[in-house]
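The structures come next, written out as structure tokens.
Same chain, two partners: chain A is paired with chain B first, then with chain C.
Showing the complex of A and B:
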């Protein structure tokens, strides 16, 4: 390992960039914790899917809701937050050639997060917090449950503070010239949204904790829902930002793609910061006490300006990859470049699947279900769960998994074992999640509720509901198997992977320029013809699904 | 490159296909923005969130008065109550039942009062798949007009404890 005179950084043997060793340590610690919580959440996932698949109906009723609480917190909060801290610590140091602001602050944040997460998991498994992830008051859990969540939130905030302080010091010491790289910019957007999100968490969890201790009166249940979703939905928007930053990063690593217009990409991130925090309204669209005007304004993120941001990224990411391929000489027809993409690179295939599943399934369903009136035929059904398994799992988790195929060789300095398994893992996981998401969505369209142990007592759900729950179950088995492959590959590589210090990392597969490629033959502004066609198809799918739902709504009883 | 600082002069307006896409996306966003207010004036299914503050005990009292005034039958030990056309109907949600069952007439409009006596509950009318949130302390009023006849099942779709999946109610429409 090459180290400089102060021994605080090493030079990366692949990129030549200086890697801050303190940042590297906490990227490693956070990534390891993230993967452990992913595994816990994955075990819970298969138990839940095999219970809701009524033919198997595995768990007893109390354990079903217990494991459901466990699954939500480990997947949506712990896996994702730990991974995001790793992404933040990377984005503020390596691309800026900067050192992490403080090792002590990083330790404090990390330990608080870990203690909090362990506390929450312990108290759930003890059966003292069967309140599901949302813990809607007047449901009440053991005070340690809320305290654990507060610790995780504050620990994350401390990590975010370390990120901002690092940015400040890097700027002050001029470790880089001009503006920050796009990946750092995206991570900064994620960090800003995280601050707003975690403050909502503190505002709602602290009075709930003091109520659980018997010190203060019970907060209003509607107030709780309103503020809790400021935590619950916004935290998913942190994921969106981090995921999009990873799309750009992997596009660059695998094909050398660079943004067509930096202003557009950055502007889209700014739209996220400004408008995405209104999304808590998505969960209150059929609630009492918040009026139609409030619902419409907030659920549309003002006027869908955050959706606009996602649609912009949905164009610029594939367009930048297509342009990179065309510059390399793959100019045949609309889609000639597609077959030449580095499909064998698991980070790349994961990113592509993430874009497609997030956009076509997650995005379209999310905007439609979050339409104020359409929510009447979707609220609290499995359609909602179908939507967010496409965004958070098929989108974010898959992108995070993909990035890990670079994180381990670059940061842990070990080449992967089982490379063949790694190459198929994103496809298995993406395919499984697609089945989960579609199975849930169709069952939800038939009225099957989410968070429900048994649909038989209602006596209204027929054979097709059971069929879709079965599809969900089979999909879950495939996805969890792929998750296990991922965890085994990561752990196996950390234990047995060949050390790669002193040489560049194993090349997963990158797009190579054809001899005689001529960049000047590609139109810089209209050259991305394949992307134009794909986004046109996307917009048509969006419009069809959107208006089909208005039609379905028009068929139910009039209600005001 | 997304991992290195952008070249100088990166701040510039979008051009070509990118500009076109941003324009198209913005137009689509505006269409979706207009649809919701439009539906409030022209559409028949809206969630206005009309609600009044009410203590659970007071709501139960109103429900009991409603039950006494119009019981017309019995469903599994739960009274079936028929409100007058155009009148008020009360439906109390509690662990783990909907009280009472309702009998409504097709084409008539009712003001349906929903509230919970203990926890959050979810009013999910099947097989229509119409869903509304029910909270303790809030009298959530739906102005509703049945347009089909038959037996409809109310499923609870907000987690409310161990008996959640067995919390079933009925609305009969003639």
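Showing the complex of A and C:
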């Protein structure tokens, strides 16, 4: 297909969709910054893992907390927010055939985010902000630390504004008909959650910054914790929405899967919009100032509606892939279609691993640990860290990495170098992070605390705790190596990758229809029986883990 | 031409502005405002 470009758009040689050049520029800038912050966070990760691995115990105490602060902010905030802005700018332009609302607004947002992130990293490495990511008062950092976070938050909010303004203009100019595509709808859900998140960030960080400057009195520490988690936890819910939107997108690109029921999928995103932010209360389950009713309502009754949404997505994504494969003629047995999936496609394998690690490890542990009664035996242990490394790293980061295998060829217009390395990278990263998460979780189950430099002085942790910390350390080495492979592949491709302008991108591997495949022979309801069987396995794992934790709780407080 | 009104859920899902308002108001009321009130109602500790 010939390239048909105007001064403001070009036609994608693979999809045929118009690509807004302004959006493309900011997708590129945001993606590059995201990968740089991922690399910084990854270097910090290996230093931390080799310190918590008690046998090695690498860093001195002050550098441990400094690097822990650095790791948290680079991985949970900067890598994620920059990539999300890239996802938002893609989702509001390319699928809607629209142009980005404002180049100037995009520049302002991007520069604020970049200046803020650099300021935060600099001040942490200078040793002026050893307060961890949460920066709980009365711990106090240099004012530039808070100012940097405010800049990042406001810059992102400006990017979100650009997203909504583009949606408005696209609707007004009728660049698309009917409802927005599901990927754009998922991104809209992420953007709405981002608004709530960033407003909380502004509410908590501005008075803390003015306090650090000596202009206003100290905010109440309990108030700070409550509002801060409106930023800290909710920013991870933005990830969840973006990650789920990526699952649907990659499923479509690799197998041609279309959602089995769009209304149900969109309904699940609406449940996220309305209820997922309440999960922030999980972090305050042992705090004394908020009552049991507030805690139980926000972490159980209302929150379970968001859990329902995750379970809907966890079913519909593999079910839609299964249906696509059966329509292509792979109808043998329960799982015959699984062996024919495009496993050599790194975007697809990353998305599948992301679904499995997020659902089986992150989801099950998250719901269980978020139960008020069970939380009492897990709070502030490494079990919590094990949980969110499964959701944020095994789930979100892996999904983002997978999408990158399409973003670089489609947006930067260069085919990947080192394709063999790219094909094994998601498996290495997924395997490594699984070991990290399980090592942390089991060590935490034995009581090993999180955010603790040295557990030896306590004198109560035996050989099994050290074994699990060792498993975590080995897993971290594997995961960080895979992260370095990913970064080298991205940078190498940008510098040396073969240009693909004027032709379709390199095909990573897509499912092809068998000759004589007949869609009408596939039962629309029971065609997804393989996914139903997998769902039954998931629910059994969930039940076993949930009730095992109640048993563990009962062992702590035996009823005579 | 049919003038049949679209179902409520479809109209809700096609209206990002209403979703934005609901998505901001519900967590602010349920988590932030309620939590803030709980903290305000905590009495100062009495010294022994």
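FYI, the second predicted complex is superposed on the first by the 548 of 560 C-alpha atoms of A that agree within 3 Å, B and C clash if a C-alpha of one lies under 4 Å from a C-alpha of the other, contacts with A are read in each partner's own complex, and residues count from 1 in each chain.
The criterion applied here is as follows: contacts are C-beta pairs under 8 Å (C-beta built on N, C-alpha and C of every residue); 3 or more make two chains touch, one makes a residue touch a chain.
It should be emphasised that the depicted structure is a prediction, and the values quoted were computed from it without experimental measurement.
**Q** Of the partners chain B and chain C, which touch A:263 in the superposed model: first, second, both, neither?
**A** In the superposed model, A:263 contacts both chain B and chain C.
**Q** Taking the superposition on A as described, I'd like to know which of chain B and chain C A:215 touches: first, second, both or neither.
**A** Neither: A:215 stays clear of chain B and chain C.
**Q** Considering only the touch criterion stated at the top, classify A:457 as touching first (chain B), second (chain C), both, or neither.
**A** first
**Q** Among the partners chain B and chain C, which is in contact with a greater number of residues of chain A?
**A** In the superposed model, B touches more residues of chain A.
**Q** Taking the superposition on A as described, I'd like to know which of chain B and chain C A:176 touches: first, second, both or neither.
**A** A:176 sits against chain B, while chain C stays out of touch.
**Q** Which partner does A:291 contact after superposing on A: first (chain B), second (chain C), both, neither?
**A** In the superposition, A:291 touches chain B and chain C alike.
**Q** Mind working out whether A:546 is in touch with chain B, chain C, both or neither, as first, second, both or neither?
**A** first
**Q** Of the partners chain B and chain C, which touch A:377 in the superposed model: first, second, both, neither?
**A** A:377 sits against chain B, while chain C stays out of touch.
**Q** For A:496, using the defined touch cut-off, is the partner it touches chain B, chain C, both, or neither? Pick first, second, both or neither.
**A** Touch status of A:496: no partner.
**Q** Going by the contact rule set out at the top, does A:446 touch chain B (first), chain C (second), both, or neither?
**A** first
**Q** Where on chain A do chain B and chain C both make contact?
**A** 179-180, 220, 222, 263, 284, 289-291, 294
**Q** Give the list of chain A residues in touch with chain C in this complex.
**A** 164, 167, 179-180, 185, 188-189, 192-193, 195-196, 199-200, 220, 222-223, 226-227, 230, 234, 263, 266-267, 270, 273-275, 277-278, 280-281, 284, 289-291, 294, 297-298, 302
**Q** Considering the complex alone, what residue numbers of chain C touch chain A?
**A** Spelled out, the residues of chain C in touch with chain A are 9-10, 12-14, 16, 19-20, 22-24, 26-28, 30-32, 34-36, 38-39, 42.
**Q** If you look only at chain B, which of its residues touch chain A in the complex?
**A** Against chain A, chain B makes touches at 1-6, 8, 10-18, 21-22, 24-26, 28-30, 32-33, 35-37, 39-40, 43-51, 109, 114, 118-120, 122, 124, 126-148, 153, 155-159, 161-162, 164-166, 168.
**Q** Can you list the chain A residues touching chain B in their complex?
**A** Within the complex, chain A contacts chain B at residues 61-62, 65, 95, 130, 132, 136, 138-139, 176-183, 220-222, 225, 245, 248-249, 251-253, 256-264, 284-292, 294-296, 299-300, 303-305, 307-308, 311-312, 315-316, 319, 367, 371-373, 375-381, 445-447, 449-455, 457-461, 523-526, 528, 531-532, 535, 539, 542-543, 546, 550, 553-554, 556-560.
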